[in-house]
Amino acid sequence: MYHHIKKLMYTVNVGSPDPRFGNMLLEQFGGANGELAAAMQYSIQGLNCDDPERKDMLMDIGTEELSHLEIVGTLARMHLQPMKKSRDSAEADPLIAIAGGGGVGLFNSMGDAWTADYLKITGELDVDLRSNIAAEARAKIVYERLINFCDDPGTKDALQFLMTREITHMKAFSAALESLGKDPFSIGNIPPTPGLVDEYFNDSTGIGDAGETDARGPWNTGGNWKIVEAPELEQGVEGHSGKTIAKDHKPASDETGKARIKKSA
Amino acid sequence: MYHHIKKLMYTVNVGSPDPRFGNMLLEQFGGANGELAAAMQYSIQGLNCDDPERKDMLMDIGTEELSHLEIVGTLARMHLQPMKKSRDSAEADPLIAIAGGGGVGLFNSMGDAWTADYLKITGELDVDLRSNIAAEARAKIVYERLINFCDDPGTKDALQFLMTREITHMKAFSAALESLGKDPFSIGNIPPTPGLVDEYFNDSTGIGDAGETDARGPWNTGGNWKIVEAPELEQGVEGHSGKTIAKDHKPASDETGKARIKKSA
Amino acid sequence: MYHHIKKLMYTVNVGSPDPRFGNMLLEQFGGANGELAAAMQYSIQGLNCDDPERKDMLMDIGTEELSHLEIVGTLARMHLQPMKKSRDSAEADPLIAIAGGGGVGLFNSMGDAWTADYLKITGELDVDLRSNIAAEARAKIVYERLINFCDDPGTKDALQFLMTREITHMKAFSAALESLGKDPFSIGNIPPTPGLVDEYFNDSTGIGDAGETDARGPWNTGGNWKIVEAPELEQGVEGHSGKTIAKDHKPASDETGKARIKKSA
Amino acid sequence: MYHHIKKLMYTVNVGSPDPRFGNMLLEQFGGANGELAAAMQYSIQGLNCDDPERKDMLMDIGTEELSHLEIVGTLARMHLQPMKKSRDSAEADPLIAIAGGGGVGLFNSMGDAWTADYLKITGELDVDLRSNIAAEARAKIVYERLINFCDDPGTKDALQFLMTREITHMKAFSAALESLGKDPFSIGNIPPTPGLVDEYFNDSTGIGDAGETDARGPWNTGGNWKIVEAPELEQGVEGHSGKTIAKDHKPASDETGKARIKKSA
Amino acid sequence: MYHHIKKLMYTVNVGSPDPRFGNMLLEQFGGANGELAAAMQYSIQGLNCDDPERKDMLMDIGTEELSHLEIVGTLARMHLQPMKKSRDSAEADPLIAIAGGGGVGLFNSMGDAWTADYLKITGELDVDLRSNIAAEARAKIVYERLINFCDDPGTKDALQFLMTREITHMKAFSAALESLGKDPFSIGNIPPTPGLVDEYFNDSTGIGDAGETDARGPWNTGGNWKIVEAPELEQGVEGHSGKTIAKDHKPASDETGKARIKKSA
Amino acid sequence: MYHHIKKLMYTVNVGSPDPRFGNMLLEQFGGANGELAAAMQYSIQGLNCDDPERKDMLMDIGTEELSHLEIVGTLARMHLQPMKKSRDSAEADPLIAIAGGGGVGLFNSMGDAWTADYLKITGELDVDLRSNIAAEARAKIVYERLINFCDDPGTKDALQFLMTREITHMKAFSAALESLGKDPFSIGNIPPTPGLVDEYFNDSTGIGDAGETDARGPWNTGGNWKIVEAPELEQGVEGHSGKTIAKDHKPASDETGKARIKKSA
């Protein structure tokens, strides 16, 4: 059950309305990484959650995001209201001006209607928590960009509040994930195929227009990593020209006796 | 530049086609967590990336996902093909049967057209890597569920290959994120507000229908965490009845002269 | 600000889960006339509303719809949960089964993601109230159809509760509209053109395949109504054959001296 | 069957084209409350309608809306055509300019493709008529806003014609609804639960940032109305702290002997 | 201006309703290649068309498609109507059953709302005619598939009528395109780059899993065609290993002296 | 299998970035006729194709379009990058600026997310080839319009390259279609109804506001064409007034003895 209290969670003061900035703010009202997306993602994950402790957390944070939605909407409305009267302002977002009368709607800064396609809900708690950590990181950077484009001190204060809370939530979700005590790369119940799971396919090769080359780093070197050079070309060029380009390269499949990557006989 | 090699990255063998399973498989072809989503998310992040080393990784993995898309599409088509002739099969997915002639299209298992709204691309490398870690976790669990509903050994083998590769990529993205050497909760350049960032708002209270209660865990207790009890009710009930329900609770506004958010003393 | 209480607004008891009915229930969770649509439509109208009294009503009802969303989601999840294990159940909604692990998502019964395109928000209070009255009427009939397809007594009870509340809201919105004291056909400030506003164009003529004919009723006859017979044909046939088919028909424009419908000289 | 007559239903004269206004006009061509939405909503309702008299009305008005679509499209095209040559004009709507060559497409003022998600069609005649009354009210206010932003006299004339017709249709739909002779709050066949239907839940409480307080009006007071104070808080705070915050408040469920809102044992 | 005549353009007789077939039929009502798509594509092209003769043709055919929409909708409704009462039928399309009461809506066979994203309108007459030829070919094959899945003779008759008309329109659009007297590969005003325009890039090489190999045909051989072998690999492998894999292969750019594909300085 | 080579297929040089032009360029990145649409349409048609020779062609061209996507994305990013810092630039596309940090995303010039609804894939080879010919014609004209709005020589060069390739592909698809040796109006297996297939319905009549009249041309005159005058009015007016307006007009159905268009007895 939900209850609404008329006061905003954060006092909103806007000096002089800036309709084009108000339009940008809609990213956090009806946009892909905005407050409704956060509220719905966490609350519905909570609704599906069988772990009563982390369910509580999902509902706590999902509910807070609803209060944030209200703050952003109030801020955006204050900035957008001149659209009702000013043709110049109205051109910043004719959908808000003409169809909405200068009031906010569930659209992003380009007038796209909010869609649940933005949400990531899998019903698998640890997976959902990873989606939430990423979602909070995205929301944080979006608020930062808004702050950078904002001239109004009152608006900046409110955005700083909202931006801070995203980090709070990111910390909570991270702690909840860690508290599950699972191996970070163990998802679900079926284990990945050993050996194959450690092969890094070098599928992008050559030298880029800006001189970029193949890179090595902890994402493909060290530990159990084994780099497989251009498995496509091994096969592809073989098919194309009848010979392999790198004869010294022995596919992993030879070792297992099973054609992981199909070869011609 | 891209090159295509006619061989699939993994040999696809299907015993007896199962159109309703083929329809489920479309989740990983044209669905929210499927292979096109992965290919596009990583490749476009790569295109935007100014870090040449991690850009290489994004292109390597983005390209591999294109090869996966081809595998899933080939598998799905084998399972869906009976739709062309059998009315009963066609009812499993009339869109594929009637509009597609039994061939695959970029739809999910419910016929929804693939949309770029599925993608998470922010142009901020560490944020994007978090989105990718979460995306791989989602893709892994979806493959596991498909395997659990699958009866055909050849199909299961191919799905096991694809599922394994998602864990490979998850490891690579995690290593790349760590290699950036950033504080895990430092996103962008503007720091969050100290103090406020450590407050956990208990916005969902009471006892649930299944007996759920407020929970404590590392996501709200220990370290710097400070739990703020139901900030809404503090304000809300005050507004409603003219008195606070928790008189020992002193609003922050008293201290600052500005009612931002009520805090415990 | 919002606060969440863990108890549901209405106790949900499900005897034996029925996944295909659970799928139908999603219409009221993530569908066009469902509870999220209601919650968002009223709450955002409230956020935009300058009339403090009716704003309170919009927030009261918008908040109640959030509690309804939670009830419907809980009900649907109970019915959908067998999808996690049963292939047969999973075929009822593979998106929920495969991508959602048997948990609910913001989709309708055909897997379409919820979209803000469902909402009607104009920032004009009396117009918004009319949209709300219609929305409640739609929600009521949808609940009735669900009840008619439902076999489980506990589910039927919950649906009866929810259906009843839609009528409550419909009454409240109607009373609020009446209390504005406006002429029911006076919208905004610019008056319609007198005369023209009372002309009913008979744009569909002839006898239908089931014998339907042109009808007269209070929607085109009596009061100030004046029926204009097939204004298209007057012009169209004239253009086509050089003569009017119904010479005794005198266009209304002749009377006003202004060519409402353009005629050739 | 449909027939098209080359003359427009209203003569369109545009003095000097105004591409940014042309873009605004697209709201009524391919927008949520525009002429295609009206034409499709009424015509498809008509197609589904078993009442031959009101079906005739739905087809009359649905067909007129097609003629309006043509007027708006012609007007918009006249205003948008400079986009073909002028880079400055093209920036007003690059989709129309680049993809459409300065011609109109089924988009709104922000380039969103028209979608049938805008439509409200339930197959229940009285419900559909309510949706239509609301739709006409929305279309009227949108035309008014366009007139207010328009400088061109010829365009204003055409918009006045179109705006007037919306009121005509609103009157016709209202008369048709009344002529059904149904109780205004009787929808479908299953009656709402007595008692519960008259309870108004005060789900938004407290004092807002602008001093807004709980309001009383005919939407919650008088007649059979009974206000239920914050049912969530009754339960929620009870669950949270073990006691109710407002002991003088007795839940309605006590009176009926039936747990409308679930209580702890 | 449009006029509606109550009789259908083709008599619709349905023996016994088949709800699952009715659902399939929705592909041609609210689907991507259906009658509304055709009606809107041609009529809006006509609205934008400056060539009065071909504009007349676009309006003739666009209007006929509206009459077809009405036929398909009537057919579909007859087949879908049992959904109102039968739970088993309702499962064939719960959206139509629950939200639509067994009446048709602008959805395809999988419940996706019709979208103007289906349309191809460029404002360039010859280009639009090519889009229309393709659209008619698609509509024809979709009707054929529906006929193949249909058991009801009356329905088959109506579908044969509709299918035939698509070929009629395809002929008309083809004749109109030819009558423009343009070179078939001359689009717009800016000529393509000579030489480059005749190069066929062999971007997919190797031997496929089913033994597919590189093919030659009039699409890459004969006339002015020049096949460029795997331009990516020429560059890519060079970048990767420092040498070309096929030294006997001389890039086309060498021959023309112009860097078609970027060269290092 | 796919392989990526770091060099672009065409060198991209941008003099001075032009964010508003960069926004226009997104039409060919994530727009309806853009490179991803082309890549996906041809590659998925190829995946479904049972004709190994034309499948090879579809994969060749589909793969080339992926390389084009990379070129357009790189170009667009160069033009859009100032959005990261400049508020004025950011207003050109706030979605790219705020949510994307100045990097490209799969959106068109109005911020609409790319959708597979843009694609035309039927699984019928000759039909698909017609869709591809039309798609290439559309892509060509869009590139031409972009060139016309572009001031930067390096960008123009790249666009000329891309535009030229569209004509190359159009030629290849046309040759492939011709090589199938089918009658151009023979689609699928069920023949259209003789006689009816040659009737041209004159469904738009009269004289337009600009003096347009009914036109004759090879699309309705000559060969086997037979013009049927306003079949609707024949019926419609009969139904309306009890008499036909053009008694000398004898419906074609009389001649065939079969009621093509239903008449009253």
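For reference, chains read A, B, C, D, E and F in written order, and residue numbers begin at 1 within each chain.
Here is the rule we go by: a residue touches a chain if its C-beta (ideal position, glycine included) is under 8 Å from a C-beta of that chain, and two chains touch if they have at least 3 such contacts.
What you are looking at is a predicted structure, and each value in this text was computed from that prediction instead of being measured.
Because chain C and chain E share one sequence, their contact can be compared position by position; here under half of the interface residue numbers appear on both sides. Looking for a copy of the E-F interface in C-D, B-E or A-D, one arrives at C-D, which has over half of the same contact pairs by residue number.
Put simply, the C-alpha centre of chain B and that of chain D have 34 angstrom between them. Inter-chain centre distance (chain A to chain E, centres taken as mean C-alpha positions): 34 Å.
Taking the mean of the C-alpha atoms as each chain's centre, chain A and chain B sit 8 Å apart.
Counting partner chains per residue, chain C shows two or more touched chains at residues 1-9, 11, 32-33, 56, 59-60, 62-63, 67, 99, 101, 107, 110-113, 115, 117, 122, 124, 141-142, 203-209, 212-214, 230-233, 235-236, 239-240, 262.
Across the complex, chain E meets chain C through its residues 1-8, 11-12, 87, 90-91, 93-95, 97-99, 101, 107, 110-113.
Residues 20, 23-24, 27, 31-33, 92, 108-112, 141-142, 145-146, 149, 203-209, 212-213, 230-233, 235-236 of chain A touch chain F in their complex. Of all residues in chain A, those touching chain C in their complex are 1-9, 30, 36, 40, 44, 47-48, 56, 59-60, 62-63, 66-67, 70, 73-74, 77, 84, 99-107, 113-117, 119, 121-124. Against chain A, in their complex, chain B makes its touches with residues 3-11, 32-33, 52-57, 59-64, 67, 115, 117-118, 120, 122, 124, 126-127, 130-131, 133-134, 137-138, 140-142, 144, 147, 160-161, 163-165, 167-168, 170-176, 178-179, 184-185, 187-190, 192-193, 196-204, 208, 210, 212-215, 217-220, 231-233, 235-236, 239-240, 258-261.
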